[in-house]
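What follows is a pair of complexes built around chain A, which joins chain B in one and chain C in the other.
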Partner chain A sequence: MFELFSVTMVALLVVVAGTAAGIVVVRIWRRVRNNRLAALAAGPRRALLAFVADNGEEGSEDLIAIPDDAWRASLPAALGLLGKLRGDAHAALVSVFLHRGAARAALADLHARSGVRRARAAQLLGDLELREAVPDLCGLLTDRDHEVRVVAVRALGRIGDAKAAWRLIASLDQHDPVPSLLATHALVQMGRDAEVVLSAALDHPQARVRAVCLDALGLIGATGAVGRMARVLAEDDILDVRVAAAANLGRLGARGALKPLVDALDPPAPDLLRAASARALGDLGAPAAVPALAAHLDDGEFQIAHEAAQSLRRLGGPGLVELRSRDNDHCREALALAEPELVGAA
Partner chain B sequence: MRDFVLAVLRGADYAVFAYFVALNSSYLIMIVLASVEFAKHLRRATFAGADDMFRSPLTLPVSVIVPAYNEGAGIVPAVQAMTALRYPRYEIVVVDDGSTDDTFEKLREHFDLVEVPRVVPSEVPYESQVVSVHVPRGDKGSLTVVRKTNGGKADALNVGINLARHPLVCMVDADSVLDPDALLSVAKPFADDPLRVAACGGVVRIANGCKVVAGRVVDVRMPRSWLVRIQVVEYLRAFLMSRTGWSRLGGVVVISGAFGVFRRDLLVQIGGMAHDTIGEDAELVVRLHHYLRDRGEDYRVIFVAEPVSWSEAPSHWKVLGSQRRRWHRGIAEILTKHRHMIFNPRYGRIGLVALPYYLIFELLAPFVELAALILLPLGLWADAIDIGFAWRFALVAYGYGLLVSLVALFIEEVSFHRYPRWSDMLRGVVAAVLENFGYRQLLALWQVWGAAAAWRGRPAVWGTMHRTGFDTHDPTPVETVGTPTSGDVEAAVGAPKSLG
Partner chain C sequence: MTTVLVADDDADIRDLVAFKLEQAGFEVIAVEDGQTAVEQARSRQPTLAVLDVSMPGLSGIDVCRMLRSEPATAGILIIMLTARVQEQDVEGGFSAGADDYVTKPFSPRELVSRIQALLSRARA
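Entry: the complex of A and B
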């Protein structure tokens, strides 16, 4: 037993000393590497900042001429800028990346064995807003790696080509789909060109797809889809989808949304939908909604009465008149938020 | 008879040794799992999409709930710092839990608060009375301050949950300093996997010794006191490494009350924070597992290592003792309350792996440590073991513990490199050694005391937290005595351990 203990002690001593030495080695290696990278990147970083400051009008040749090792050292800064810039400066920086062969390499990397490389490539192609990459990026929507699919969706959104809308919607109807919010944002970035596809997808059998399309239609302001959205609000089998329809009808602010939302305020609509409709009527901004909302200020369901009061507040003038005429906690709260200077300042 | 007693003593010594080896091996496994997770996280940083999340109009808004009890010393800078977090849409709900100092007055003066009538729903139960609700004059809902009668941290959080308007709820201690991107990072898993992520915790690090400017930690340094330096190493091992490892295994049962995000609808469904335990934050997560497993839901509770909440650690032995008694009491209460989940296959990894682990290697560890301190000398005295065995036993057991701490420091160095000064890293290594001489043993004593208090049903006593603040070193005693109240509350289960 003693021997075992002794051997273990020696082994422990060696490993402890090795770990301590490892900390020192990592620290020295990090310092040396950082110094080297900082020295290499210093020039290119200055050139990049000058280039961006000039809105990309001058200095692109200097950036293209930077040696590969120095460019690699400054790549994190360049990619950071690429993701943040918009307009002419972005276009100019994209042209620098294209001249350096970044797009070609990224397109090749989309088929790499490593998921990290595929995702990085997709991210870069999205940042470059390269429309030629859309078919390949659509291919990644069914990638085996969830993270790659997520990056592909973001990249397609950044590129904003509505041709990818249907593929993106279809990718929601698969096992382990990409997050709904991410898909919605990408579809919104595709703009009004995607409206027809989104509107058609409201008949998709998958509830999740219908909900995403409703959100996207609401956010892009697709007023032409009000009729179809109202039908979903009234008839869909899934409560969450109906709630999404109510919220987005309110967001659209179209006159045609008033009646379907008012109809959804009353039973037999479920309470969750009634509350969502009350909130949506406030977003709609139509003074004609005041009587319907006022009728629910004393609703037995907390959330419905609360949303009705808050919506009346958001409707302004006529809504505030109605709130002032009631002796109700929800009304007092809504009025206080509308006119905080009038209450409890002492 | 004597031979039998000697054999029992010898056997007990060997059993204790085997326990130490198993315990430290489990820590080492967690650290290895954590390092894999860190590597994965760092490789993915370039395409994680944090900027996209920040820009997206669809990013889920968050209600940040800040329970405060006698936090007058630092409440204004804390709230100021929270208002400057990088996140597209969030509100801050400060719940003043019946403070007897000037916590509210300072908030009112600084933020120009006006009282508003507000209907507080009772979606989750609370026992105290809401006195008043205040918002800054002309504010559009970014800050709400609630005054209530004292009811404890759990009660304050429940009031905050009731008032929260957003689908995600972030619980933050009033004395915490968050990194600017902390909220963005800890809420990101909800954006990436909104259907399954039920809760997400962020790492808590020690702020003592760090330079804090305008509510931001701008210079990370080791604290001046060796007592706190030892805690820094403990936090790295237990909070950062262990919880990241558990996250990889799908067995997170602790999200610190100092920094965690939850889906509000789930909090409402499970009834919010429990009033009957001192470790209400950990109990909440265990109850969440219980609820979701019972319903057969596909869900995830995860821990992310990158967003950091900086908290002040006790710099006095007395305060540390009080804290550790409280934490271990929390472990005992939670494991007792949810004992039917332990070794129960119905609860999957939580019932078969995570909770049994916390029972054997968290709750029982200080008992075994103390047993070792008694059995080893006893064995020597009774000639059950000889001196050669005893010192080898001690060296191997403590040496393995030291190795675990050093590996944690190594992984920290490779992954995050938060302590850039050579002197700070050296102090960390020395602290890992010093931890074994008196600190662990005293901690074990306090922990046994805490667990015993839970089982005997004694009322919880929270002691006094001396806040030194982050910028100044003027001790500002903050009273947190009596029944459970808000203040320096930390996760009970998975707290830094004295063994290893």
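Entry: the complex of A and C
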């Protein structure tokens, strides 16, 4: 019995000692490897920083000639810079990556079995702002891996080619779509060229898609879409979409948005939409909205009267005159925000 | 020589900005976190600070607020450098007392131009 116990203890000790030794060896190996990689990367990293700081005017041949192992060691720094730069410095760094065959390799990796490799490739192609990669990146919008889809959307946004807008919008109408804010940001990066597609998508059967497109149109400043957005404000079946239309019409600051928003201030529009329209009229910045807002300062719905007063405050001069002429809590609150020095004096 | 404090936890960006500024003739103090940035600003009194908004511990906006609240450092010109492009982040930076705002992706050349423009305005 005692002998069995001793043998078991010795075996356990051997296992523990072996594991400890293994851990030490692995740690030492990792440290040696990291030090070797750091030493290997130091020279190329210095050259890379100098090259980028000079906007790529000198030194591209040196970077292209760096041996593969040294380039691989300095790749994290190069990729980090690529994603955070724009202008001449970015263009110069892109040319180095292209000369080293990075785009070709990344395009091939978009079809790799590993999701991590597909995502890395998509990110690199986005950071390279490579328009030729847009069709392949659009293919990743229906990737089985959610993270890959997210990276593909970011990459398409960074490239900013409006040719991808429709595919991106269509990808929102699928199971487990990418977050709305991310899609909106990418669509906004595509700019005014995406306006026609975004306007057309206001007829999309999915409410979420319509809301994303409204936000993108508002952020782009798509004044040409005012008519379609006004139709959504007046007629859409989903209240949240109508509220999004109101907010974005206000954001546009276009003259054509005034009447639809004023019309939405009154019943039969639901109270939530009436309040959103009152807020949007303040964002619109049109003094012509003052009479309509003033007419709602005594509205029976607290939120509508409150938003009307706050919008009058944001409209400045004529709005403040209206607030001073009235005696209710909403006006006093708005004036206190507009003229804090008067509150302090009182 | 004009001294510029650069605070960014991203070593590549920090080194790039420092390199570019040294090339443009500035003396540079480069630090990797907000607390060190405050300490260096107090002890070295730079003319201008380039602060990354997102840093471990004290953020760039916290640093900006602290520098503005102390008479000895209140006059330091401050440029915020950040990946955040949301309107509220820009407003947050300005309300904390920043003089200018540069968003990533950024152009090193543009950053130096903004620094030089800010210094010229301050001297005028």
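In this text, the second predicted complex is superposed on the first by the 307 of 346 C-alpha atoms of A that agree within 3 Å, B and C clash if a C-alpha of one lies under 4 Å from a C-alpha of the other, contacts with A are read in each partner's own complex, and residues count from 1 in each chain.
To be clear about the criterion, a residue touches a chain if its C-beta (ideal position, glycine included) is under 8 Å from a C-beta of that chain, and two chains touch if they have at least 3 such contacts.
Because the structure is predicted, anything quoted here is derived from the model rather than measured.
Colleague: A:Leu13 contacts which: chain B (first), chain C (second), both, neither?
Modeller: First partner only, chain B.
Colleague: Applying the document's definition of touch, where does A:Arg86 land relative to chain B and chain C: first, second, both, or neither?
Modeller: In the superposed model, A:Arg86 contacts chain C only, not chain B.
Colleague: Is A:Ala295 contacted by the first partner chain B, the second partner chain C, both or neither?
Modeller: A:Ala295: touches no partner chain.
Colleague: Does the superposition put A:Gly22 against chain B (first), chain C (second), both, or neither?
Modeller: A:Gly22 sits against chain B, while chain C stays out of touch.
Colleague: For A:Ala77, select first, second, both or neither according to whether it touches chain B, chain C, the two together, or no partner.
Modeller: second
Colleague: Pick one for A:Ala50: touches chain B only (first), chain C only (second), both, or neither.
Modeller: A:Ala50 contacts chain C only, not chain B.
Colleague: Is A:Ala112 in contact with chain B, with chain C, with both, or with neither (first, second, both, neither)?
Modeller: In the superposition, A:Ala112 touches no partner, neither chain B nor chain C.
Colleague: Which chain, chain B or chain C, is in touch with more residues of chain A?
Modeller: Between chain B and chain C, B touches the greater number of residues in chain A.
Colleague: Considering only the touch criterion stated at the top, classify A:Val321 as touching first (chain B), second (chain C), both, or neither.
Modeller: neither
Colleague: What is the contact status of A:Ala38 with respect to chain B (first) and chain C (second): first, second, both, or neither?
Modeller: neither
Colleague: Both chain B and chain C touch chain A; at which residues?
Modeller: On chain A, the residues that contact chain B in one structure and chain C in the other are 83-84.
Colleague: Could you please specify the touching residues of chain B with respect to chain A in the complex?
Modeller: Residues 43-44, 46-47, 49, 51-52, 56-60, 114-119, 121, 132, 134-135, 137-139, 141, 191-195, 388-389, 392-393, 395-396, 399-400, 402-403, 406-407, 409-410, 413-414, 417, 422, 425, 429.
Colleague: Could you pull out which chain A residues touch chain B in their complex?
Modeller: Counting only chain A, the residues touching chain B are 1-2, 5-6, 8-9, 12-13, 15-16, 19-20, 22-23, 26-27, 30, 76, 79, 83-84, 116, 119-120, 122-123, 147, 150-151, 154, 179-182, 184-185, 188, 215, 219, 302, 306, 329-330, 332-333, 336-337, 340-341, 343-345.
Colleague: In the complex of these two chains, what residues of chain A are touching chain C?
Modeller: Residue list for chain A touching chain C: 45, 49-50, 52-55, 77, 80-81, 83-90.
Colleague: Name, in rising order, each residue of chain C that touches chain A in their complex.
Modeller: Contact set of chain C toward chain A: 10, 12-13, 15-16, 19-20, 23, 83, 104-110.
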